[in-house]
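We call the chains A, B, C and D, going by the order they appear; numbering starts again at 1 in every chain.
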Amino acid sequence: MTLRVGVIGTGAIGREHVRRMTQVLKGAEVVAVTDVNAAQAREVVDAFKLQAVIYENGQELIRAQDVDAVMVTSWGATHEEFVLASIAAGKPVFCEKPLAVTAEGCKAIVEAESAFGKRLVQVGYMRRYDRGYRAVKEALVNGTIGEPLILNCAHRNVSVPDFYTRDMSIVDTFIHELDVHRWLLDDDYVSVQVVQPRKSRLAGSHLQDPLLVYMETAKGVRINGEIFVNCKYGYDIQCQVVGEMGIVSLPEPMSVTMRSEAKLSTGLLTDWKERFIEAYDIELQDWIDSTLRGEMNGPSAWDGYAAAIASDACLEARDSGAIVRISMPERPSFYRHPSEDKAASGIS
Amino acid sequence: MTLRVGVIGTGAIGREHVRRMTQVLKGAEVVAVTDVNAAQAREVVDAFKLQAVIYENGQELIRAQDVDAVMVTSWGATHEEFVLASIAAGKPVFCEKPLAVTAEGCKAIVEAESAFGKRLVQVGYMRRYDRGYRAVKEALVNGTIGEPLILNCAHRNVSVPDFYTRDMSIVDTFIHELDVHRWLLDDDYVSVQVVQPRKSRLAGSHLQDPLLVYMETAKGVRINGEIFVNCKYGYDIQCQVVGEMGIVSLPEPMSVTMRSEAKLSTGLLTDWKERFIEAYDIELQDWIDSTLRGEMNGPSAWDGYAAAIASDACLEARDSGAIVRISMPERPSFYRHPSEDKAASGIS
Amino acid sequence: MTLRVGVIGTGAIGREHVRRMTQVLKGAEVVAVTDVNAAQAREVVDAFKLQAVIYENGQELIRAQDVDAVMVTSWGATHEEFVLASIAAGKPVFCEKPLAVTAEGCKAIVEAESAFGKRLVQVGYMRRYDRGYRAVKEALVNGTIGEPLILNCAHRNVSVPDFYTRDMSIVDTFIHELDVHRWLLDDDYVSVQVVQPRKSRLAGSHLQDPLLVYMETAKGVRINGEIFVNCKYGYDIQCQVVGEMGIVSLPEPMSVTMRSEAKLSTGLLTDWKERFIEAYDIELQDWIDSTLRGEMNGPSAWDGYAAAIASDACLEARDSGAIVRISMPERPSFYRHPSEDKAASGIS
Amino acid sequence: MTLRVGVIGTGAIGREHVRRMTQVLKGAEVVAVTDVNAAQAREVVDAFKLQAVIYENGQELIRAQDVDAVMVTSWGATHEEFVLASIAAGKPVFCEKPLAVTAEGCKAIVEAESAFGKRLVQVGYMRRYDRGYRAVKEALVNGTIGEPLILNCAHRNVSVPDFYTRDMSIVDTFIHELDVHRWLLDDDYVSVQVVQPRKSRLAGSHLQDPLLVYMETAKGVRINGEIFVNCKYGYDIQCQVVGEMGIVSLPEPMSVTMRSEAKLSTGLLTDWKERFIEAYDIELQDWIDSTLRGEMNGPSAWDGYAAAIASDACLEARDSGAIVRISMPERPSFYRHPSEDKAASGIS
């Protein structure tokens, strides 16, 4: 049995997911593509020798009879429309982050999916599928360190391109932490405060870099988050949970150990694409497999909504300097079915 | 295009490779199976819902029209026969180690393949596909540590089953080192000496455990090899190359870092199956892809022959206590075509 | 030449310093002791076979002709009185922390010493003499990581005794961080905020444990401090400075590396006394040597005053939940002489 | 009570020990010095402001009434004579390695000391006092890893001076391993084999570098020793003991952890003097304290004799290429008194 996928948006990540489904993963076939840039869609069809129809637009693609499931990898501002259309068509949809560019938009999707009565939406938060985060989660679930009390994290990039804006450190960068920590701690945020350390002279003048994000969860866990997108030394994702009896930290990336030039060293990554490449593979394979089984286990529309609310609060906290309360609506019972619990356990 | 594979031997590793080709990898379909235990073959067909014919024996399977390529995962003593038959049929064949149980047998295969005039045989030395070994090889090729001078290695298992014999520490365990170090160093062995340290009281009385293997290569590199199959603490594969300007060592397995109970620790594996599971995937995918392209890049019949000669020398050295010379015949130019060189570079 | 030292207070740390000066260090002789518990003073004289006069009280000891320098290791509340008396007597004085139990008391000492016109006071902040902190400081001074932007630190104890009060996590525990970070960063604090994470169930009911202290310095460096005095797993002092081009962290304690029980581990300390035992030796030897040369290089009365002001602000921040401004008076030029600059460089 | 020490030989290490006794350690006073270069002796007396008589030669110094104990730090070839004279005078003597330049010479000392009937001689093998080796020994004594089976070690220097001869890699460099491993394992050597790996192009043409030394002990432990005195990357002393249930390794040198330039690194030493500077302090302090108590705990004349026999065997093995048997005479009971056992335990 093969999942026939239609891909909306064949730019960087869309192209990469087409490659993945075509050359790496099992069980899916890309049968339809579309892109605002038709030439780009054509190029992808040719590059991967797809037997795929090129549609005028996303709406047509979603309606296509032979499209079993939709992948939304278009420009962020269009996600909401295509996800809603997929729900309306009753088709499973994998949507890259963000689910929608506003919390309101996410809420509309949550409501549409709830009304439909069955989970159809998965949001592309791939870190939940990273072996490292899974191992941290496993340690937490096993109770090895007791209850979590503090979470220290850092998201560091070597540098960022010129088009990287001030807001992107929250909405594009830290958004991954906002999702993965909710999942890791099985908890929700209640407040956030953002402070600006001394600025690095090596960061663009329009940026606040680094930035610290202090959060509190419903269970009282405190999160100390660092965003530093011009750290120069490497692409470094850190996550450490301090528990009642011990501390568990993300693995360092696999690397040979060198003794040379008076140093004992292991290598750090510099390219972010390497860090989560395997997680993307696992994520999409899991989505294909689950969808073929009629299930939906990954990050839900509710998770996308929660991330959007937290992200908005981070921006407000950054601009106001105040401690901003985060209030999530009550989680609908719809988003608590068994398959999700399984995914939450981190042990697939 | 799909490679139609016939699998001879559906026991432990055969079954695992069927799972791999069916559920994980791209481009292959298992269309034929056989096993001395017919019920076992049937079970595998059912378990993986294969559209596969069950053959009476390997010879029939090899002859089958729709079998494009053969996988030999039967009992070691039968490998030679099936590999020779595959060559006779002009079909690509992936043979789990050992290529043959005697060096003579390997030589016969080398001669048959040479006579056929095209590489058809790949031997299942999966370590060459391990990311860790590849990273060590890359450091060597890049010249980061200068020329290699000494190689220290250890192969340690938590324990071994009752059927594990005295010879198996060489022919089943250290055989992997015998292959991978030739590849890593791009070199051949010229001598071997085996010494027995004080025996562990926790090893079976019929075993010599641990065992040290001292080897010399044509380029003068000295290898200090340790085999310790009842080390109790973990499954631990170590490889360290001392070069003129530095030292490079295999990565430790990925693990969370824990601070607990007065220790700062990372986890070691205990199950050997976890250590190279990814290497098996990469190895077989590479075999499928290469075979579909009409190439053969992996460990060759010549490599299998070299390992057999070295393994025989190790046994002789162990029994005699003497330094045993290892003389490989001149490598036929047949085994030096470009694709092999590419594989040897470790950078695929 | 020998420094004749009078010791006021021969309890735990006083006794330890007497041992140090008598059995480990060079250049000092304990010629006078006193303690509120006369039997305790007698015991110390006997235990270390001192040729020392036992005085009725600190004031008499300070006045004694043959006492060249004074060591104040009595109960904290008495420090101010004895330090002031030493200054009045024109005698160098080493005072264990705190310099005085109030910032006002510290200020009085600063004023008395300034009026005297020559540095006489050293406060017992031994971390500045720890090899680890010195190495971090050296990396900062060398510019290896660019300007410091963020400092992450943790002070974790296995557990605390019953008499440990809520305030002690600031005034006894974090006080060390308050001093050493000023020195490390060569900077002053401008604000502090204290937040309480979820409480560990393994901490006494009267404690807030762990506790987070967020500070800002005049140069804009942000400090994320964790105090966790019932962390169970070890005595663990962490300090990490994030700079513009890299990160430097305190060394882990020296330990053998073990491979055992499926773990690769190094040991962590459990007893705080082991962690800084060498720093105490270096600190006191430096005090003896400097004093014999007529200099005073270590943590000054001004440093003690600064720590007291910061400590008061931490308590206020903890109780109010607010961000509390810290305003140090202008540093008198008196506290900026060359020898102090030498000490500040961390390279003796 | 002060130990009045006479120092024979005030060159590099002699001068350093004078500094140590004068400026760092407690309980000793250098009251007499001599050197073949009288100006050198005078310089040391002046540099450290010693109240010391300068003698014409070692024999006179040993006879001096006010010399309680002798330190022999002269040219190696003269050690035997001065140690024998000290024994004849009934004076405790600390002799830097080698005890004598021939095994015969060591034997003569052993016999003289035995005839005298009381231990007087300590040989300067400082590694037994290194915290790292002590921690390894402690792990062995505690049984944490079961019985030791294999010991892997390496002695690596960045480079060696021009006067460094071919033999020095054994008699000056590996001699430290020869002593410390006997102590660590509480065992004696029974055979040695030396093999020469491919030579580093960065080593002087007259040297064999690196060199491998394979040894066997009476209990069957196998030692794999590497000597590499032009390794370029650092001064690196490695020692790893493989036991029945685990592995214990020497600590790496204390260093800050850096994240910079795509590397996670700690520093390695480049200067050998830093590595054991603390061990020298502990060693000499222990010698002073023991001598004042009328005891002698450190490496004995017997240990010096054993190292000489092993060193001779290494040279023979290197030159012959054969496995050379090492036969120590039966250890006289004289060398087994309780204080030595205490020292052997590694826990002072």
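Quick notes
By our rule, a contact is a pair of C-beta atoms (placed from the backbone, for glycine too) under 8 Å apart; a residue touches a chain by one contact, two chains touch by 3 or more.
For each chain, UniProt lists the protein as follows: A, B, C, D = Inositol 2-dehydrogenase/D-chiro-inositol 3-dehydrogenase.
Owing to the predicted nature of the structure, the values given are computational and were not obtained by experimental measurement.
Chain centres here are means of the Cα atoms, and by that rule the chain farthest away from subunit A is D. Between C-D and B-C, more contacting C-beta pairs join the chains of C-D.
Subunit B and subunit D, compared by their mean Cα positions, are separated by 45 Å.
We define each chain's centre as the mean of its Cα atoms; on that basis subunit C and subunit D are separated by 38 Å.
Chain geometry summary: the mean Cα position of subunit B and that of subunit C are 59 Å apart. Within subunit B, the positions touching two or more other chains are listed as 233, 245-247, 252, 259-261, 266. Residues 23-26, 131-132, 135-136, 139, 144-145, 245-252, 254-261, 266 of subunit D touch subunit C in their complex.
Subunit D contributes residues 233-234, 236, 252, 259-270 to its touches with subunit A in the complex.
Interface residues of subunit B, counted against subunit D in their complex, comprise 146-150, 152, 195-202, 210, 212, 214, 216, 219-222, 224, 226, 228, 231-233, 242, 244-247.
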